[in-house]
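Paired with chain B in one complex and with chain C in the other, chain A is shared by the two complexes that follow.
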Partner chain A sequence: MRILVVGGGTAGTIVANNLSRRLTGEIRAGKVRITMLSASDRHMYQPGLLYVAFGQMTPDQLYRDQASLLEPTIEFHVDPVKQFLLDKKQVKTESGKTHEYDILVIATGSRMVPEETPGMTEGAEFFYTEASAVKMYKKLREFKGGRVMVAVGVPHKCPIAPVEVMFSLDDFFKARGIRDKVQLKYHYPIGRLHTIENVAKWAKPEFERIGVDTETLFNIKEIDAKNKIMKSEEGTEVEYDLLIVIPAHRGMEVIERDNLGSGGWIPTDRYSLKMNGHDDVYVVGDTTNLPVSKTGSAAHFQAEAICENIASIIKIGEPVRDYDGKVYCFIEAGHEKATYAMFNYLNPPDLKPPSKPMHWFKISYNHMYWTSVRGLL
Partner chain B sequence: MSETKVIDARDTFCPGPLMELISHIKHVGVGDVIELLSTDQGSAADIPEWVKKVGHEIVGSEQIGNVWHIKVRKAK
Partner chain C sequence: MTTQTPTASASPFNDNDLQRLVEFAQLVTSVQDAMSDDMVNRLASTMSEGISLLDRLTRNDGLTHLLREIDRPENQRFIICMSNAFTQASRELATAPPLGGGLGGLLKLISDPGVQEGLRLLAFVGARMSNSLREVHRHGL
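After this line comes the complex of A and B, so read on.
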C-alpha cells in the first residue's frame, strides 16, 4: 500500500506522522510505505507571522527543518508536484520523477494573492508571508500617527486574524505612546463585524471600548496607492495613511492548472474528506472547497479523521468516523488576554470573556505546535 | 451561455454563506447564476442586501425545509 502525501504544511505533516504511528507494524512488515512531497525543506508556524508583524517574534523563531518533524519511517522529498495524473494514480514532480500511489492525500494549502487586487501590493501592508510581516513591522515602527485602515479580502485563511489585528494595533500604539494620534478603522466584507455571529457580537462592544471605528459590507475593489485611497465593490471610498489588509487567497497553482478545483479549492466530501469522484484521494486543510475555516486547527482535526479512516481501511477494510467540521481558534484580545472559538458543522461557538490564562495558553501553544505537527498532541 | 453553479453552504458558521458567495462569485462569468444553499436564517436578508448594494441580481429565493435556496446572477 503506497500512501503519498503531497504538501508539508500543518495538514500534510500531521497526516504523515499520524499514519506512520498508526501503521508502524504494517510499515515494518513492508506492507505500507508513506512518502511525502513538499515544496520546502523548512516548516513555518504560520500563526507566528502576526507576532512578527508586531515585533513580538523574529522570523527565525517560526521555522523548523521539515525532516526533523517527520517520523523516520516517512520517505521525504523536497520536490513539489508539477502535475496530478489521478486517472493513472500518479503524480509528476518538478524534478521529473513520477510517484505512483494507492492512496493520495492532497494538502497543498493556500496562498495570498494581493496582486489580483489593483494597487494592493503597492499600497497596503500585510503579514501572510515572512517578508511582508517584517515589512509591516517596519512601517508600524516608523508610523507617527494618522489614519490606520484595516480591510479584508475573501476568501482568506485564519478568519480570526482581522479581529486580532485591531487589538494588536491598539496595544502597539498605546505602548509607543501615540494611541491618541492614531485613528483605527476596521472594514469587513459582510454586514456584521465577523462572519461568526457570536464573534461579531463580542467584537462590537470590545471595538467600541478601544476606540475602533467600523464599516461593514466593504469588499476591497482597488487601492489608489498614490493618493492613498481604498475603494470598495459597494461604491464607498476611504482615505488612509497606513493601510493593512488581509489579502484574498487561492489554492495552489498546480490545483487550478490541472483543473482539480476552481480557485485552487478541490471539491471535497465534507464528512469523508475524499475528493468528489475519487475514492482513493483525500483532501485536507486549506485545499478543500469546504465551507470550513481555513485554519491550522481545522487542518489538524481533519487530518486526525483522515488518518483514523485510512488506518482502519487498511486494517479492517472500513472507515470508522466522519469529520464533524470541528474548528478551534484562539482569539488574542489585547492587554495580554485571549479567548477562543470552538465549533463544528452543527454547533456554533460560545465565546467566553477574554482571560490572561487563555493568552498564556496561546503563548504556550506557539511552542506546543511543534509537538502537534509531530502528531503527538 | 450562462451556467448555474451550486454552492453548498449549509451548516457552516465560518466562513458562512455570504462569505462563500463573495468568494465564489469571483470565479464565475458575468451572466452566470450561483445557487447558494444555506441553513442560516439570516441569509434571506443579508445576501439580498449585499447583492443589491454591489449591483448583482437575485433571481430566486425560496425555503425548502430548513434550507434556503438563493439564486444570484453575476451582473458585472
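After this line comes the complex of A and C, so read on.
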C-alpha cells in the first residue's frame, strides 16, 4: 500500500507522522510505504509570524528542518508537485519524477494573494510571510502616532488573527507610551465583528474597552498608496497613516491549474474528508473547502480523523470515525492575556474571560507545536 | 418525638478550610507574579524537546534492547566491572612510566598476562558482534 502525502506543512506532517506511528508493523513488514513530497526542506511555525510582527519572536525561532520532524520510516522528498493525475493514481513533480499511489493525501495549504487587490502590496502592512512580518514590525517601531486602520480580506488563514492584531496593537502602543496618539480602527467584511458569531459578540465590548473603533460591511476594493486612502466595495473610503491588512488567501496554484477546486480549495466531504468523487484521495487542512477555520488546529483534528481511518482501512477494511468539525483556537487578547474558542459543526464556541494562565498556555504551545507535528500531542 | 430542622449555617466549609483556600490562592497569585513570559518560554521549550527525546528513546528498538540487556543481573555486574576497570586503568596510567615505543615495547606489553586477558575479552566480544551483525543482515532487519 503506497500512501503519498503531498505537502509538508502542519497538516501533511501530522498525517505522515501519525500514519507512520499507527502502521509501524505494516511498514516494517514492507506492506505499507509512506512518501512525503514537500516544497521546502524547512518547516515554519506559521502562528509565530504574528509574534514576529510585534517583536515578540525572531524569525529563526519559527523554523525547524522538515526531515528532523519526520519519523525515520517516512520517505521524504523536497520536490513540489507539478501535476495531479488522479485518474492514473499518479502525481508528477517539478523534478520530472512520477509518484504512484494507492492513497493520496493532499495537504498543499494556502497562500496570501495581496497582489490581487490593487495597491495592497505597496500601501499596506501584513504578516503572513517572514519578510512581511519583519517589515511590519519595523513600520510599527517607526510609527509616531496617527490613524492605524486594520482591514480584512476573505477568505483568509487563521480567522482569529484580525481580532488578535487589535489587542496586540493596543498593548504595543501602550508599551511605547504613545497609545493616546494612536487611533485604532477595525474593518470587517460582514455585518458583525467576526465570522464566528460568539467571537463577534465577545469582541464588541472588548474592543470598546480598549478604545477600538469599528466598521462592518467593509470589503477592501483598492488601496491608494500614494494618498493613503483605502476604498471599499461598498463605496466608503478611509484615510490612514498606517494600514494593516489580513490579505485574502487562495489555495495553491497547482490545485487551480489541475481543476481540482475553484480558488485552490478542493471540494471535500465534511465528515470523511475525502475529495468529492475520489475514494482514494483525502484532503486536509487549508486545502479543503470546508466551512471550518483555516488553522493549524483544524488541520490537526482533521489529520487525526484521516489517519485513524486510513489505518483502520488497511487493518480491518473499514473506516472507524468521522471528522466532527473540531477546532481549538487560542485568542491572544494582548500581550498579557488570552482566551480560546473551541467549536465543531454542532456546537458554537463559548468564550471565557481572558487570563494570564491562558496566555502562558498559548506561548507554551508555541514550543509544544513541534511535539504536536511530530504526532505526539 | 422531636423533629430536627437543618440549621442555616450548615456550610460545607469551616473557617480553617476557607483560610487554606485563601492561602492557596495567594500562592497561585505569587507564582503568577514571579513568572515571566520568558520563563514560560524556556520551560515549555525544554518540556517539548524533552518529550520528543523521550518519545524517540522509548520507541528506539536498539535502545529498548540495550535497556533489557542492562537489566540482567550479570550485565549490571559487567557495567560495575567496566566502570571499576576504567577508574583503575586511569589511575595506573597516571603513575605508569611512558612506553619506550618500538617492537620491543609492544612485545613487552602483550607478554603481560593481564593485557592478554584483555585482548581475549575484546576478541570474544568482536566474534559475538560479527555473528550478530551477520544474522541481522541475513534477515534484512
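Here is the rule we use: the second predicted complex is superposed on the first by the 376 of 377 C-alpha atoms of A that agree within 3 Å, B and C clash if a C-alpha of one lies under 4 Å from a C-alpha of the other, contacts with A are read in each partner's own complex, and residues count from 1 in each chain.
In this section, a contact is a pair of C-beta atoms (placed from the backbone, for glycine too) under 8 Å apart; a residue touches a chain by one contact, two chains touch by 3 or more.
Quantities reported herein were computed from a predicted structural model and do not represent experimental measurements.
S.K.: For the three-chain model obtained by superposing on chain A, do chain B and chain C clash or fit?
M.R.: These partners fit in the superposed model.
S.K.: Could you look at A:Gly25 and tell me whether it touches chain B, chain C, both or neither (first, second, both, neither)?
M.R.: Neither partner.
S.K.: For A:Thr371, using the defined touch cut-off, is the partner it touches chain B, chain C, both, or neither? Pick first, second, both or neither.
M.R.: second
S.K.: Return first, second, both or neither, reflecting whether A:Pro189 touches chain B, chain C, both chains, or no partner chain.
M.R.: A:Pro189 sits against chain B, while chain C stays out of touch.
S.K.: Would you please give the vertex angle at the Cα centre of chain A, with arms pointing to the Cα centres of chain B and chain C, as a multiple of 10°?
M.R.: 150
S.K.: By the touch definition at the top of the document, which applies to A:Leu217: first (chain B), second (chain C), both, or neither?
M.R.: Only chain B is touched by A:Leu217; chain C is not.
S.K.: What is the contact status of A:Pro155 with respect to chain B (first) and chain C (second): first, second, both, or neither?
M.R.: Only chain B is touched by A:Pro155; chain C is not.
S.K.: Determine, for the superposed model, which of the two partners chain B and chain C contacts more residues of chain A.
M.R.: Touching more of chain A: B.
S.K.: Once the shared chain is lined up, is A:Ser293 touching chain B (first), chain C (second), both, or neither of them?
M.R.: The answer is first: A:Ser293 touches chain B but not chain C.
S.K.: In whole Å, what is the nearest CA distance you get between chain B and chain C after the fit?
M.R.: 30
S.K.: Could you pull out which residues of chain A sit against chain B in one structure and against chain C in the other?
M.R.: none
S.K.: In their complex, what parts of chain A are in touch with chain C?
M.R.: 356-357, 359-360, 363-371, 374, 376
S.K.: In their shared complex, at which residues does chain B touch chain A?
M.R.: Where chain B meets chain A, its residues are 8-20, 22-24, 26-27, 42, 46, 49-50, 53-54.
S.K.: Can you list the chain C residues touching chain A in their complex?
M.R.: It is residues 32, 35, 37, 40-41, 43-45, 47-49, 51-52, 55 of chain C that touch chain A.
S.K.: Give every residue of chain A touching chain B within the complex, in rising order.
M.R.: So the residues of chain A in touch with chain B come to 154-155, 159, 189-191, 195-197, 217, 219, 233-235, 248, 262-263, 270, 291-293, 325, 327, 341, 343, 345-346, 348-349.
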